[in-house]
Amino acid sequence: MELEYLVSTVLTILIPFYLTSFLLYIIRVVKGPTLSDRVLAVDSLGYDLAAFMVVLSVLLKAPLMIVSALALALWVYALDIYVAKYLEAREMGG
Amino acid sequence: MEPVAILLATAAALLSVIATYLAIEAKDLLVATVFSAVQSTAYALMYYILMAPDIVLVYVPVSVGLLPAVTILLIKKTERYER
Amino acid sequence: MISLLLVILGLTLIAIGVFFDFVGALGLLRLPNFYTRLHAATAGAIGGAVVPMLGASLLALGAEYLGPQRFFLAGAAFASSILLMILAQAGSHALARATYISQGAPLEPIEYDALRERGRGGS
Amino acid sequence: MSRLLNYLTVFALTYSFYVVFTGASTSFSLALGALASAAITVFATPLLISRELRLADVVRAAYLVAYYMYYMAVAEVEAHVGITRTVLSRRIRISPAIVEVPYYVRTSFGMTLIAGSITNTPGTVVVQVDTAGRVLYVHWLKAVTYRPEEARRYISEKFEEFAAKIFG
Amino acid sequence: MSDYFSLMFTVVLLSLVVNIGIALYGIFIKPSLVKKFIALTIFSDSINSFAIALGFRRVTGSYPGVAVLSDVPRGVEELRHFSTASVDPLPQALVLTAIVIGLAVYMFLTGLIMLYYRHYGTTRVDAARGGSRE
Amino acid sequence: MLTAALLPLLLIGLAFALPAISLVVRNPRFFRIYAVTASLLALAMALDVAVGVYRTGVTYYLFGGFRPPLGIVYTIDKLGAVLGLLSIFILAMSTIYSTWMVRSRWEYLYYTALLALGAGSVGCLYTGDVFNFFVMLEVLSISAYVLVAFYRDNPRAVEASIRYSMVGMVATSFYLLSAFVIYGSFGTLNMADVALKARSPLAQIQYSGGVFGNVILSSALAIALSMWTFTFKAAIFPNHFWLPDANPEAPTPISALFVAVIDLIGAYGAIRYLYTIFGTGSVIEYLRSDIMLVLHVLGALSALVGALLLVVQTDVKKFIAYSTISHMGLAFMAFTLGTERGVVAAIVQLVSNSLSEALLFYSAGIAIVASGRAVEGLSTLRRYRLASVAFVVGLLNLFGVVPLFIGFWSKVLIFIAMVEVGYIASALVLVVSTGISGLGYVRLIRYLTRPSGSVREDGRLRDLRVPYVVISVVLLALVLLGALFIYLPEFRALLEVVGTEVLDYGKYVEAVLGGTFK
Amino acid sequence: MKARELLIAISIALMVLLLAYVIELGGLGPLAPYALRDIARAYLEYVYNPWNVTASSMALEAVTAIVWDYRGLDTYFETSVLFVAIVGVATLYRGYRELRGLGGVGLSEIVKTSTRVLIPLILVAGASIAIHGHLTPGGGFQGGSFMAVLMVLLVVVFSLDYAFEKGLTSSRLLAIRSAGLVGILLTSVALLIAGVVAGAGAYVFQNMAREGSDLSMPSWFLDRPLGGTLFLFNVFESLAVVSGLTLTFIVLALRKEEVDQALATGEWCE
């Protein structure tokens, strides 16, 4: 019980910091100025959101939810590749 | 835990509104795609907090992994800027 | 005892992760152009995501109150941290290369550009 | 024989990842996972392996673990401290440059390991790679030198030592 | 605390409604087909989110759990306990179906828009009225 | 009833198999025979279901063996059975007609979508589950999108398909939202269960207790949202715009199917929602009459708009599409009267309309092959006597002034129903729209009498056995229906029973939920 | 034109306000209540219930149990919607041939090699999601789409040429997809066929023993529950989904030359 209390307290304290950094990422997404900047910011946002989800699953005592966090971490990366492929201006998908 | 979680869900929902608005208003369709990915991410976080891991698992590959691919393909084959 | 140690280690790693997350976000805002922001984003991805995932995996190993499913958590978190190491660099590199080739972002400020010197920018 | 070894290696990689990923402890998971890994191995091995494997690969795995430890404990920490200083200082002082960094490993896996390590340490990002000339073009946040060999000493020498041992 | 909770939850739902409104605006007013396509995805996602919100519930004393049994139950009591502490699984199943159906339609729509562009050389809907090769 | 359960499964399963077979077999003749066999098999099954329903009353099938609110249940009453038979009949006819009309090296793709369309339609009619209705609606819709765009080299077909699918997706999403609303406040998805709880919110059913929210508000919301979808599917006035785009651009056999398979579902869904689920005695009784009135006015508007726009058309297929809008408007006007006679009239109108539109498309198809889609081209039909006779019969049936055909009687029934309720203005609308559209029909018949122009060289015109068979079967069905309706009171009774059953929700509920009352 | 836009905007705004009003007054039922709907409680209590097998699907996860067992019909037709969409895309681009040697280069060597390493890892992760669909969150579609994204990445990172070379041709993908669908079809009627053969009663989509039917799929494999048809459905569905989505993407990603050649057939005849 002690352990649980410790973990919950520390993680709860960390949440505002997470939210702040998400806000900063979002400012970058909205501000741009170039497409690459936005994609980069979304990318980082996705990775950190995934990490945050992992933390949340510990916090909410639902370990089974972790796989879905992993899915987010993985497929935000896909956006990078698609945009990169577009920018390289060769045949897309081909 | 409940108040924190619902606060997060609210934040995600508000973020999704911003992202949706920007996605609809963006003239550059690629940027619109990126914003729609942000909106999907926000929804994914919301589903996660509302305890729906199955939905996150299907929503993320579809909405973040496949639909941007399809949309960017579409933009590549048609035109990038909304006229 | 060992579980307490694991938990504390895990929490520390997660806290470090939060810190780098913040650093990455701030760097993304403060640095002048896309290429420099890439470095901050790397800090956000490795320090801000891989490290806390490792931490969560340690934490899950220690936190017995999570029940038998905690091994699942630990394993998946560790596995995803490994995957992230591979993904993050590939993504950053792909984006940087594509942006360079398409001249999608201003290169300045830059002090020396070996690629232009070699004339391979368009390849 | 060596082809079989290829398949076995990929199978071992896949299956061990599966076991870690699922935290598998039940024979249900282990049995079905073995089946799935076998099927995936058959599909993925032709895509994955680009050279013949040798017996020394077991030793390499140990190097890989050692490398991972070193990398996380030393290289990453240094680089992170560096980027934190840069970002949190009042006036940002950077001297960005794209420099040439030559590499000498022969396989694409080794090159990728080096490039990945470089990119994954904040402060250096691989922008372009020239596989024919064996040169990585690295965007360096705080460039100290523009000379290729010297830059290699700063950026990738340590990585390459390990990469040479792991992937030849 | 209960008031705070329902207030926040209402905010979530209202944002979804606003999203629906914005997306409908995009679908009906924006001339570009690609923009319409993006708006369509947002629209149906928002509707799906409603269902997830419907399935959420509160549990006295703790946070509700996932609708997954963590281990093989040993008695009926365990199932009782599970059902008192878990969210509603049915909306999730429905949304799963709806997402897949949506994906199918989007895929087809993409192919159509590409063909449209080949025929008319633009993705504006009103441009088609000018006519092209018949 | 196992046949009913297997019918959509079988149709879609046979559709699944086609692309797989195409990897091995290349002969187009095989695919034609396959599709025709499949649709005839489906017709036999639908007939079996209809006969069974008429023998034993409302029948049901439990999928997976779960009791109703827990699992999905197919509930087939006489309404569903009759309409199912109708739509599968037209499907079979269209499939046979397609073997003549559609010439493509990739015919199997066409037949795959066609069979899926049939599966979606019949699934919608048979299902007893609110959410399953949505899924079947999507099966139906997406196959329709595919079929509309089948002539992908035609820019207008692609454009029509885009418009149709964009707005169609929005419409079905609204239906989805209404299904969620129903689940949210009634706590169940089974139609019979919802119907029961809408009448007595305290009813306790096994597995699903009482209602869960503000039932009145949510019922109103659900009806509003789903009616949007149904008016879209049925092409009623503000949502009619897609039909004149999509219908003419589809291959002709599909155009013939549109009324019997897609518009029909709209009308069926509206009847199901307004009568069975939220019908008389339900908690929104007092709102219901307003909703009915709104739909009635919309129906009247679309009857008039359809009739007005029909007169000026120069394209045969567009002409028939606008005629569809007008007649669907009449059907909506009929069943929103709220009386048994109104429902019967609506069903007779649907049957007559489906058959005659199909007949028109089948016979006009020959003219289209011979000389294109312009109205003038109809004169070539004079060379093909059966087709021209069928075309005239179809037009007269739609016009509805010749008492030999069922079209006349359906309008008479609607007229009587309106006068009974005292809606004189609506009766006037009926007469006026008949008059206006009559102008168009007469104009079309005059084109038929013109001296025929030159005929395109087309291999299909050399062998007209297949379209003649189809045309004569549909013609026979139409004439036979009219004759039966006039001379056989028992047949009329058969149709009137449908109306009685629609108004009596009790049988529907009891058949499904009997035995699960706590 | 402007007036029409204004009209649409106003009606949308009205709709939004109405929806908000209805939600505020509890039209969607009470939101986030403490009580659970009876039907949801029934699902949760029967999902793994050896004491009442006739209403149970013997799986640990409620969502997958609902998706494939309680509401299996929905999911069956959902798969068929996806199938019709794939057929639709194939219809739009019918007649294309896969051309080789159009010079696909793909992304840089680093990305290629990284993706190479990822292939088995992500595929096995997706397979694990599908295999454990009835035990942990996940299932056939989740696993399938998980793997499908990797396939799409593969096509993007390498090139279509490479994909064709390595055997990701559309006919082969179609064959895998059809095999998956046939598997789903057979699984859904397996017990019905067995019932007909044995002369016993059985239902379509039957899983465990039900009222009036004693036939049952196996519910246990080694040391974990198997959920009978659920496992089979998940495996077949993941196969069907991964091949179907990949096929669709490949058809959508066809290059200009291929589309030109497909559209050149010009078979529009009315």
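Think of it as A, B, C, D, E, F and G in the order they're written, each chain with its own count starting at 1.
Throughout what follows, a residue touches a chain if its C-beta (ideal position, glycine included) is under 8 Å from a C-beta of that chain, and two chains touch if they have at least 3 such contacts.
All figures in this text were calculated on a predicted structure; none of them were measured in a lab.
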> What is the minimum number of touch steps required to go from chain A to chain F?
Replying inline: 2
> Can you name the chains that touch chain B as well as chain E?
Replying inline: A, G
> Looking at F-G and A-B, which pair shares more C-beta contacts?
Replying inline: F-G
>> So, comparing C-alpha centroids, which chain is the farthest one from chain A?
In response: F
>> Can you tell me which chain lies farthest from chain C, using the average of the Cα atoms as each chain's centre?
In response: F
> Rounded to the nearest whole Å, what is the centre-to-centre distance of chain C and chain D, using the mean of the C-alpha atoms as each centre?
Replying inline: 14
>> As a quick test, compute the distance in whole Å between the mean CA positions of chain D and chain G.
In response: 34
> When the C-alpha atoms of chain C and chain G are each averaged to a single point, how far apart are the two points in Å?
Replying inline: 32
>> Based only on mean CA positions, could you tell me how far chain D sits from chain F in angstrom?
In response: 61
> So which stretches of chain B touch two or more other chains?
Replying inline: 1, 5, 51, 53-54, 57-58, 61-62, 65-66, 69-70, 73, 75, 77
>> Could you pull out the residues of chain E that touch at least 2 other chains?
In response: 5, 9, 18, 24-25, 48, 50, 53-56, 58, 63, 65-68, 70-71, 90, 92, 94, 96-97, 100-101, 103-105, 107-108, 110, 112-115
> When you check chain A against every other chain, which residues touch at least two of them?
Replying inline: 35, 39, 60-62, 64-65, 67-71, 74-75, 78, 81-86, 88, 92-93
> What are all the touching pairs of chains?
Replying inline: A-B, A-C, A-E, A-G, B-E, B-G, C-D, C-E, C-G, D-G, E-F, E-G, F-G
> So in the complex, which bits of chain A are touching chain E?
Replying inline: 60-62, 64-65
> What residues of chain G sit close enough to touch chain A in their complex?
Replying inline: 102, 104-105, 107, 111, 122, 125, 129, 136-138, 146, 149, 152-153, 155-157, 159-161, 249-250, 252-255
> Which of the residues in chain E end up touching chain A in this complex?
Replying inline: 63, 65-66, 68, 70
> Which residues of chain G touch chain B in their complex?
Replying inline: 61, 63-64, 129, 137-139, 141-142, 145-146, 148-149, 152, 156, 245, 249, 252-253
>> Under the definition above, what is the set of chain A residues touching chain B in their complex?
In response: 8, 12, 15, 19, 26, 29-30, 32, 35, 38-39, 42, 45-46, 49, 53, 56, 59-60, 62, 64-65, 67-69, 71-72, 74-76, 78-79, 82-83, 85-86, 92-93
